[in-house]
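One chain, chain A, appears in both complexes that follow, with chain B as partner in the first and chain C in the second.
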Partner chain A sequence: MLKMKDVGKVYRTELVETRALTSFSLDVDEGEFVTVTGPSGCGKTTFLNIAGLLETYSSGTYLLDGQDVSELGDRQRARLRNRKIGFIFQSFNLMPDLNLFDNVDVPLRYRGMRASERRQRVDQMLDSVGLLSRKKHLPSQLSGGQQQRVAIARALVGEPRFLLADEPTGNLDSHTAAGVMELLEQVNESGTTIIMVTHDDSLAQRARRNVKILDGRIQSIDQLADSRIPATPVSDRALSANA
Partner chain B sequence: MLFYYLRLGALSYRRNPVLSTLMVMAVAIGVGSYMVVFTLNYVMGGDPIPQKSSQLYHVQLDSGDPDTESDPPEQLTYLDSMALIDADLPFPRTATSKFFAIVEPDGETRPFSVMGRGSYADFFTMFNVPFLFGSGWDRSADRELQQVVVLSRELNERLFGGVDSVGESVLLDGYNFQVIGVVDDWTPIPKFYDVNNGPFDPSEEVYIPWPQIINLDMQRSGNTNCWKPLDGSGIQAFLNSECIWLQFWVELADRNDRQLYQDYLDNYVREQKQLGRFQRPLNNHLYDVNEWLLLREVLPNETRILSALAAMLLGVCLLNTIGLLLSKFLGKAGEIGVRQALGANKASLFIQHVVEAGFIGLLGGLLGLGVAALGLQGIRILLGDLMVTDWIQLDTTVVTVTIGLAILSTIVAGLYPIWRACRINPSTHLKTQ
Partner chain C sequence: MEIGPIFRAMWRNRIGVALIALQIAFTMTVVVNAIYIINERSRLMARPSGLDEANLFYLRSVGFQEGFDEESTIVEDRILLQATPGIIDMTVMNAIPLSGSGSSTGVRVNPDANGPSTYTALYRVDEHAIDTMGLELIAGENFTTAEVRQLGRLDSGSTAPIIITEALAEALFTGGAAEALGNTLYWQVDIPMQIIGVVKQLQAPWPTFASIENSMLIPNNILDGQSLYLVRTEPGQVNTMMLRVEELLADSNPARIIMNVKSLEETRADSYRIDSSMARILLVVIVILVFITSMGVVGLAVFGINRRRRQIGTRRALGATQGQIIRYFLVENLIISGIGVTLGAVLTLGFNIFLVQTFNMPRIEWYYTPLGMLALVLVGLLAVLGPSRGAARIPPAIATRTV
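Up next, the complex of A and B:
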């Protein structure tokens, strides 16, 4: 599904050169739930942005579903993001002017889907996160947990195979965070691959694997006890890491 | 997606009402002010008779003072006008001039003065004069000195209550004229057929066969210029003089006709030279309506200065709009990042923001119409004592141009801010939004 080999990312200004990722190699298989942890500034989000095609990388190779993404233009990258990748952010990033329905509808708009199909999908998605009755509400009328559920609905409405979550529980209290985490686990159980960046070790332990990053390099990849039963059995995973 | 983008534009307006309103006002003031001047230029400089303007020619013969280097006179002498009228040529033509008369209505209404125009029969067909009742006279009326009159719609209202007055009589300067036609509303702007006597003056209230002005010794009105003293006194001396006071127009269907007529004019002047007149070099001209208006600089120079000032004001307003749009669009960096994450490519984001800028332009254009209407009202009040100002108003063309200009200029002003916004690295803002 995701295959990075020796990926490097360097930010350059006139005075400073910052290496955000160095020789970063990671394989993630279909249906996996991988958490990424590490101290602030270690390169977690940079990795996630490169994985989500929101940023380019400076060196190495990155194959998404076997496709080398380095040669893709803006239009093709946008199409891949729209069809294969879902994003969940720490601060939800819902659009404040749009009601819940319209927020969840955004990815389908860019897909050029017909209105009737969009309506059906959005309603179904909002229903699955328990917020259908509030679809005309604005994000500001919801609690943090509810907003994150809307963000998850938006990320999933296009039925992506790959979900990237950047500290999705970072702005939530522990009780709400647990609820969101359960929701993500259900999503993963339905077959969606998830990579989640988190600072919370207890949440990181709930994934199949935990990738620890330090100073832009993978420090370790921990195979964790699998308490969940994935819908798609994952076996003989190719682990590839270099610290 | 257009309606979706329009909706997003409206929502964006609601999110930043103060900033958005400032932009709308900047566009409205800039475009509205420009449209005031545009309207003046558009109407004053427009083609007053587009169907025939390239077939109607003003005749200019250089009968001027040979001892000066002045431009050829704008009008013709009586002698030359009569010669051109009597020429054995098939082209419709008319000599024309203004006169002043007293109308003596029946009943208790007191006599009042009117401005009239003497012309030849072809005047009405040549200039597409619209008739409410009846028609103009035919050429026999010119030859036979018939006392017939065509009234303006307003005068017909005043004298006959607006009913069909054809066949009725009107007393002009004590002479009985029979009404043969009533002109419908007709105010060519500019009054191309007589720009010497006020290109923005109202149309005349009565029209009579031109020979009657001389025959009945009616009071001539309008510009008269003489470079040579009259040879004697009295009307005949004036008619035989080199004084210019008549406008002369001829209708020529194509370039061949024009060449024929030009040759005729040149031959006529050569003949006159042999008689001791036209001592300047041969310099006769035929100007079509638009050439004539351009030559006579009907559009005052002040309007050009006003145009430049209005364009500068529009530029300043658009510069402000650029700044405001930059602030607005860069303030949406987070949303732009999220949309990119959700599948928007740079082209679709660009279009979304072009539509948003266009939406602001549309609102600016609508408000600009109000600004333009106010400005034109001010001009009407300002010029009301100097000329007819009914024509100074917003018409469909001006409304369309105002809204189109507002939308287009706002989009152009928005291109740089939009370009900057679409270059935002989405990842920078997704974490911090």
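Up next, the complex of A and C:
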């Protein structure tokens, strides 16, 4: 699904040239759950931005579903992001002036979907994250965990095949983080490919593979499939994490 | 279209939006009424006088020595000027159209009527007036030399021939010029005047006169020692001839002085100076107001964009194209402008009613308000286009930045 070969990213200013990624090669198969770890400034977010078509790369090759993304124009990249990729951000990135329904509705509007279909999908997605009854509320009226669930609903409402999560639990307490992680695992089990950047080693170990990055290069790729915790109800997991 | 979510988001920041909408409404109120006033003034200023203005000038011949004979001087001056190359004709008259100084009177068709039927400017002229002024005689005939009385006022009881304008004929007779010809008008109480000719147009001396198109020519010069000459030149020679004629006349008779030499074009400019100044001032006010409002729209848009940079990046990350980002801000502006111009339409009409009632100004034409609304909306859209394009260039990667 995702094939990067020798991808490099250089940020240039008049005085400084910074190599954010160097000879970065990674294959991610359909349905995989891959975590990306590494110290701050190692290039995790740059990798995620390139993978999610938020940024272009300076060298190498990147194929998404067999398509060379370097050939895509801005409009085509936006279209691909809208249809194939879902994003979850560390700071949730919800629109503070929009209620939950309108927030989740954003990507569907850009897809040009009919209002009735959008309404049905958004309601269904808010229901699946347990926030349908609060769809008229503003993000500021929710807790951090609830906001991240809304962000996940927004990321999934367009049924993307590829979910990119940038420190999705970074702003959450451990109890809430476990709940969010479980939600992501359920999403992955339903067939969505997930790449998650995290600082939390315990969360990283729950993925099928863990990619460790150092100084813009892949340091190691650990196969962790056997270590995954079997799926159990969210409430039980949350309680155990809290205990 | 994202009108619903945009409107709901704006509602949560309604104070800033309301202030800009009010500014747009206020601007529209002033701009539409100002443009209407400018157009009204321009229309007034552009009215033709009926004269060959481009080739006319006038002067005053004032006798100052004892024994100065005004009547013979006029005859000699006419001979001199008619022999001067570049001069077409000259007439002696009591007032110059558009000059702001002249005579008017009430006239009636029925001598027994209480009060005049209408009012008209009154020009005392000689038989050269029509040719000199370049008037178009549409019915009847010109005065004869014999009809022109040089020596004094019209005598009570005698019938005087007159030439009137078509507008005056229409004001007095339902059949207009055709019916007017040969009919009698009464001036003051006992002076009957027979209409022997009708000219197409000749405006009164006062631009603000309500019956400016009503004029009456009487073949009667009053000799008071200050003859007013109107001179018509060959096309394009008015400036040259003004100097030459002044010299010629001054040299020909040292018992008088030549003064107040002025072209009709200068006279028109002077007469409408207040109107043209007002139009220019209003135009400046319009430009300043529209500029300030545009800056307000730009300021609100730039502030909104800077405040929402991460949101814009997030929208881009979620699949918004650059065009959709631009459209978002255009729609946002359209909503603000829509509120502003709707309120502005009400205020415009209210302000116009105030102007009509207070200053007796004409009621605004109906199409000014929708045109003003459209113009202000377009100004708003143009103002926000630049910031919107800037917003569209915000990279989607900003969504993942934590600082």
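Following the convention adopted for this analysis, the second predicted complex is superposed on the first by the 224 of 243 C-alpha atoms of A that agree within 3 Å, B and C clash if a C-alpha of one lies under 4 Å from a C-alpha of the other, contacts with A are read in each partner's own complex, and residues count from 1 in each chain.
Going forward, contacts are C-beta pairs under 8 Å (C-beta built on N, C-alpha and C of every residue); 3 or more make two chains touch, one makes a residue touch a chain.
Since the model is a prediction, treat every value here as computed from it, not as a measurement.
Undergrad: For the overlay on chain A, clash or fit between chain B and chain C?
TA: Here the two partners, once superposed via chain A, clash with each other.
Undergrad: Looking at the overlay, what does A:99 touch: chain B (first), chain C (second), both, or neither?
TA: Touch partner of A:99: chain C, not chain B.
Undergrad: Does chain B (first) or chain C (second) touch A:146, or do both, or does neither?
TA: neither
Undergrad: For chain A, which residues belong to both interfaces, chain B and chain C?
TA: Overlap of chain B and chain C footprints on chain A: residues 45, 49, 52, 54-55, 74-75, 78-79, 81-83, 87, 89-91, 93, 95, 97-98, 106-107, 109-111, 154, 158, 166.
Undergrad: Which positions of chain A touch chain C when the two form their complex?
TA: Those residues of chain A that touch chain C are 45, 48-49, 52-55, 74-75, 78-79, 81-83, 87, 89-91, 93, 95, 97-99, 102, 105-107, 109-111, 138, 154, 158, 166.
Undergrad: Show which residues of chain A lie in contact with chain B when the two form their complex.
TA: 45-46, 49, 52, 54-55, 74-75, 77-79, 81-83, 87, 89-91, 93, 95-98, 106-107, 109-111, 154, 158, 166
Undergrad: Using the touch definition up top, name the residues of chain B that touch chain A in the complex.
TA: Residue list for chain B touching chain A: 1, 4, 8, 11-12, 14-15, 334-335, 337-348, 425-427, 430-433.
Undergrad: Would you mind writing out the residues of chain C in touch with chain A in their complex?
TA: 2, 4-5, 8-10, 12-13, 310-311, 314-324, 395-397, 399-402
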